[in-house]
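Each structure below is given as structure tokens.
Both complexes shown next keep chain A, but they swap its partner, so chain B is in the first and chain C is in the second.
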Partner chain A sequence: MYGFEALTFNIHGGYLEAIVRGHRASLLTAADYNNLCQCETLDDIKMHLSATEYGPYLQNEPSPLHTTTIVEKCTLKLVDEYKNMLCQATEPLSTFLEYITYGHMIDNVVLIVTGTLHERDVQELLEKCHPLGMFDSIATLAVAQNMRELYRLVLVDTPLAPYFSECITSEDLDDMNIEIMRNTLYKAYLEDFYRFCQKLGGATAEIMSDLLAFEADRRAVNITINSIGTELTRDDRRKLYSNFGLLYPYGHEELAICEDIDQVRGAMEKYPPYQSIFAKLSYGEGQMLDKAFYEEEVKRLCLAFEQQFHYAVFFAYMRLREQEIRNLMWISECVAQNQKSRVHDSVVFIF
Partner chain B sequence: MGGCCPPMDLLRSEPMQLVQLIVPIESAHLTVSYLGDLGLLQFKDLNADKSPFQRTYAAQIKKCGEMARKLRFFKDQMMKAGLTPSIKSISQVDINVDDLEIKLVELEAELVELNANGEKLQRAYSELMESKIVLQKVGEFFHAAQSRATARHREIESQSTGEESINTPLLRDQEMASDPSKQIKLGFLCGLVPRDKSIAFERILFRATRGNVFLRQVEVEEPVIDPASGEKVEKNVFLVFYSGERAKNKILKICEAFGANRYSFDEDLGRQTQVISEVTQSLTELKTTIDAGLLHRGNLLQTIGDQFEQWNQLVRKEKAIYHTLNMLSLDVTKKCLVGEGWCPVFAIKQIQEVLQRAAIDSNAQVGAIIQVLHTKEMPPTFFRTNKFTSAFQEIVDAYGVARYQEANPGVYTIITFPFLFAVMFGDWGHGICLLLATLVFVLREKKLSGQKLGDITEMIFGGRYVILMMALFSIYTGLIYNEFFSVPFELFGPSAYACRDLDCKDAGTVGLIKVRDAYAFGVDPVWHGTRTELPFLNSLKMKLSILLGVAQMNLGIILSYFNANFFKNGLNIWFQFIPQMIFLNSLFGYLSLLIIVKWWTGSQADLYHIMIYMFLGPTEDLGENRLFPGQDRLQQVLLLLALVSVPWMLLPKPFLLKKQHEERHQGHSYAQLEITDESFFQLEQSHDSHGHEEFQFGEVFVHQLIHTIEFVLGAVSNTASYLRLWALSLAHSELSSVFYEKVLLLAWGFNNVIILVIGIIVFIAATVGVLLVMETLSAFLHALRLHWVEFQNKFYEGDGYKFFPFSFVLLGDEDE
Partner chain C sequence: MAEGAGGAAANGGSDEKVLDFLDSVDSYLTTMESLAPILRQGWFDLASARHSMGVFRVSSASLDLKDHSASTYLQMVGHESDDSFVGQPSFSLCKWASADNKSCCSEEEIPDSQLRHRGTSRLSENQEQNSNGDDSLKTVDDLVKKERSKTLSVFGTLVSPKLRTAQLSFETALEVLVEAANIRSSMLSAYSQVQKQMEDTREGEIGPIP
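Moving on to the complex of A and B:
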């Protein structure tokens, strides 16, 4: 019932929307970032953050701080907020919220599998996993030798199971096909999420399809750039692109045959929304592309808050917080390693 | 104070001044600390543009934060150990902050080490405990399996002795005899797995080995302490049989993934008992070690707990001092700190003393300098309240803090608030209940103020004097209404009326004649229960409400005169106060006059009719509604006055303001030529600070329009609003009479003890729950509204800000 959400949305979603908008108000502002960038030590950062909502999470940390502690505690705050919202949510919002975490789940699975392939300690790997993407038997992933086992042993119990249908092979795992698995899973996940949002309809579908399409296109570009010069065939590459988004289907054809970054640029500049992103980059440069994409994403995520009565605000909030934590991590790293000149390289201001 | 009236401290907020402090850097800390003890100076933040870590004393604040963190850690540890930090702080030694810091570091290190050791021991202990459980459970299992197997064996043997059955495997002998290399080697693993994961564990095992395992799980009845986390977890003992090395590896990995602790187990029975006894022995040994460690830790925490409060206080003070020091700006020479702050004029002597004392105590070569600054900024509002007046001042402040030195409605609220409450709550029985309840708080206030109360109790305790006044006034109005739990009493002599003849008992007022003088005080009890009781009381209370309302609104307008007079604002007197006074009194003041005249003369004139036709037909004859001669003419004059006062309020003020503004600006351009250097400088300053704001006539006019409309309409609606006094009073008396008659008297009528007891219980519950709690709350809220809206909107700006001095007393628990 597009346009009539206002009538019924608040019955179940009103409280949580209010909560999430309240959370959004506590995101760090450009002024905060400016102050943070001037910090000399990690303690200064802690001191500054103690005036924000991160305060209670950092106040009991003993003084020689590490970047990891800061990031861990900030993530903990996000996780607490997420869990709180999930507890309060009813269908279909709860499913929507769960969808948000699947991306982390895929990353965690890949992390563990790659780690065990390189004979790392499982416990150590578990600590590196994103807490939002944890599931019960995640540690058991280490047992699996190939994808079929991976699926049969562990992932069949997780929400990721349906996404696996395309990548069950009996080949032994190696770096290459793990990466392919990640992208296949991600593709399936994005498509599923997209379908789910379409099913929800209304403003949620409208805004989410825009956000997810952007995500899908960004992944397509990244896949293309990362696969240049590898043994991945064009068809295989083509198969990893999600079947929606602005680039689908003609842009994909063009991306699939790209051989260097300037060709990617040529393919992308045909799409007005991406023109501005590539216009900022000089030719042959791929380094700043990530930041440019992040900036564009943040802009779109912020716009999601301009409309009311839809679920995309939850997605946007989680993404913005993650970006904020990435920023904090970067700033802390720069401060810790005395590289303050590079602080602005990767920080994306949110407001 | 205008000179006319005696000084009234609470009416005007304390005169404040902005002072500048120049403190040498070496005595700054001590100075601020002493000022915090005094608590009469509000520092202004001179470094507002600097972020917290760029300020002068950021490092010290960090240090304090670190100490506070350690103290929190100790508190946490004490909580876990079940100790509470002793409230009574044993202030034996004055401990230095630096010493404290060192001490805290030492103590923390010691505690952390103790904790680590204890944890290690505890871990070993819980591991042993788990292994003991495993040994027992698995031993039981093996034992049971063996006995079952032998039983089965015997059964088979007993069968096989009879005849060779078809079931008997033919190859048994050969199989048994075949070479041992072909025999499948079954290995087993056992351990503990958390119960909530056990199902998933089983499932994964099954999947990973394709079902080629034999798994047994037994629940452990008591929760087990997990060695890794140290928490109590419900667990299952598991036992897995597997075949082959690959399966073993898989199972090991799965165990690891599920946090299942494995323990070795020996099949041999003899070894088993030996191991069990070994484990039990080392368990008891470990137990004594752990106990000793715990005792030591407990002692350490106890010593910390004894001084915890003192330390905490000290650290908090220190942090506050440095926060304040950060608000001061550093002089260019870096030798002294410059601070600005507000202080009451009367406090300047004390502050000077404190500064001197600090300079002497810190052996500084130069003392601190204090000087008064002149500023156009609005000073903060500071009322010196005591424990009685503070609650009333809170009521006013909740609406808005008074502008600097404007008339404070708090003064009048002390009486009018409880009085208006009592008008709605008039029942001296209920009043006495309320009085008794609040006396408990008032009499025990010394004891109660020290301790932490609940949320609601704290609120009631804070307002105990308000409630006390409310109760006293309720008794007073209750006596006037002559109601005691809705029962009238003949307290002030007998009723003035008596029956003319014997059969008039139920007839209401008809058969009554006046036999004595009027009843001495309040309502004659004879009204109770008559048919005309309600019309009589309604008329009385309604008229009372209007009289009270008009009186209070007039007071509000008069206060606006005091304000205008105080701030030397002639415009507000002539074009606001006077027309407002005329407007209100020519309509509702006149109504009040009519009410009084009607009471006085006992006339039967219809006041509604008079008021309505005063507007509809001012020239018409009043007829039988005439109360006094010349009323027609008076009404016409009053109506005319009211009509004139409306444009009087609206029009002149904006134009005069505009004129004033223009004059001021012209004056400046001429004046500058004649003045001497010094005065020129002063003028320049004052000119800069307030001169250049734009005068927007349209805005001012619209503002005045709104103000006028608000007042004119408000005069009607506010007067009507005061009728809530009557309405709530009616509701209260009706409710209480319902409870009395329909519950208590009804139960009484049954002549049955049980019913009577139930009736009394219901009556008490209803009286306390509905009349004493809910009605109090609703009457309180209505009284609050009448003050905030009807009274204060006549004069109160309420856009000031509170004086918030830097004081250790106020520091309290705010950062908890």
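Moving on to the complex of A and C:
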């Protein structure tokens, strides 16, 4: 029953909640970002990060540094923390933590399949995969010719198997089919994660419902904007939207027929939580939409830490770290390209 | 008197060639200066796209290594207009010449509109010409959009608008480079003409060697 988690949560989850709150305290602050934004070279960034928890991961990297190296090493830190938490988690927290990585697993599957289609070397593709989304039989994906084979040979034994029922066809894999497969899998994953959190109940269900609904809505907007001017039909576009969220179902009906960013704005401004996001953008401008959505997401993720005895803090922490890594990637790119005046275009402060 | 007039004409001619050369140098330097900011913007847009779509989606691992024809060709046409100097090559871009579409569909090439000849009012003729022109423009636009999407499809079919902006920036940079190459070609040609003029003038002053 909601409200009684305080009696029993700490038995199995107290230690890990304390760990994750400790990790949260080590997220970079606005002062750290201000210092990083003033760096002249990537080595300066490395020097500033050496005083943070990223220090041990970057200290052995030789100069000249590359932006991808910084992202890779910072991601390794996140992976280590995640694995530490996962190995000490009991059910249902362990399943919850695994759910957090399924999105990366989907991205990795699509990367391997697309790369194989483009005759890339499998080893090279495996090196480019996100470490959080790795699974044992991932290299075998390269042999599949269509989705049916993909499922039968490899994915049937992975956590993604239940998500394939909606997109199994015998059509050969091509760029459009792969994109539809990616988005259909992600839709099925989000809905499954949502149902799982609802089953957990309590504060976890309440907070995760809000966070996942926001994620579903943001995906709907991104799919709409990215598909404008492409061959994706309105019906196909509608099929890629999740069946939950604030925009479901009427907002989705409007988004499905949008042909430009201003029509998307018109559809979204009817929903008060998204009015403030679109109010920050001028008409016709879509460039800052990503940053506006990230800012809103960070706000909601930080609020998850205001309550105790629920699993949403783990989800929130992982997402905040990913945002931090995105910030570091952006700052590194601006420094490397000598575009420091544009660094605040996309940095989202967490604290 | 006649010699003086001839000398003045020759001087005027050489001045014109020098001016042509200086104009072409100015154009070349201006064009090259405009290239750097376009490339900078392209790289910045690419970084924005990687930030938006994720570094794992926009990476070199996505590029296609299968045998396929280039989407853009550079055509070089060299001609000799006079035996006395090397022909001035000219360069042109043939964009989005994919396997499905053998001929180029560059934005500048608008297919000839098929105009029907009518004996009726001029207004309806003009309207028809405009609508035929609009239709052909729309066809070219659609083809161009399709070819652009095809080139970007290595990163997925639903890509961020920032990636499309980066593509446009690099396309513009390519056009500027070709323009610079043409201007450089005419600059070198003007330079060789000026040099030849100076040699002729020197020989004229010294006179034939006994």
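Convention: the second predicted complex is superposed on the first by the 351 of 351 C-alpha atoms of A that agree within 3 Å, B and C clash if a C-alpha of one lies under 4 Å from a C-alpha of the other, contacts with A are read in each partner's own complex, and residues count from 1 in each chain.
In this section, a contact is a pair of C-beta atoms (placed from the backbone, for glycine too) under 8 Å apart; a residue touches a chain by one contact, two chains touch by 3 or more.
This is a predicted model, so every value here is computed, not measured.
Once the complexes are laid over each other on chain A, chain B and chain C both fit without any clash. By the document's definition of touching, of the two partners only chain C reaches A:G229; chain B does not. When the two complexes are overlaid on their common chain A, residue A:Q339 makes contact with chain C while staying clear of chain B.
In the overlay built on the shared chain, the residue A:D136 is in contact with chain B alone; chain C does not reach it.
Our angle of interest has its tip at the CA centre of chain A and reaches the CA centres of chain B and chain C; in the overlay it is 120°, to the nearest 10.
Of the two partner chains, neither chain B nor chain C is touched by A:I19. In the superposition on chain A, A:L27 makes contact with neither chain B nor chain C.
Of the two partner chains, chain C is the only one touched by A:L111; chain B is not. When the shared chain is aligned, chain B comes close enough to touch A:D44, but chain C does not. Looking at the shared chain after the overlay, A:K128 reaches chain C, while chain B stays out of its contact range.
Between chain B and chain C, it is C that contacts the larger number of residues in chain A. Closest approach of chain B to chain C, taken over C-alpha atoms in the A-based superposition, is 16 Å.
Shared interface residues of chain A (contacting chain B in one complex, chain C in the other): none. Chain B contributes residues 51-54, 58, 61-62, 65-66, 69, 72-73, 197, 200, 203-204, 207-208, 250, 253-254, 256-258 to its touches with chain A in the complex.
If you check the complex, the residues on chain C that touch chain A are 40, 43-44, 47-48, 50-52, 54-57, 59, 61-66, 145, 149, 153-154, 156-162.
Of all the residues in chain A, the ones that touch chain B in their complex are 35, 38-40, 43-44, 47-48, 50-51, 59-63, 122, 136-143, 152-154, 157. Chain A makes touch with chain C in their complex at residues 68, 71, 107-108, 110-111, 114-115, 118-120, 124-125, 128-130, 175-176, 178-179, 182-183, 222-223, 225-227, 229-232, 286-287, 290, 326, 329-330, 333-334, 337, 339, 342, 345-346.
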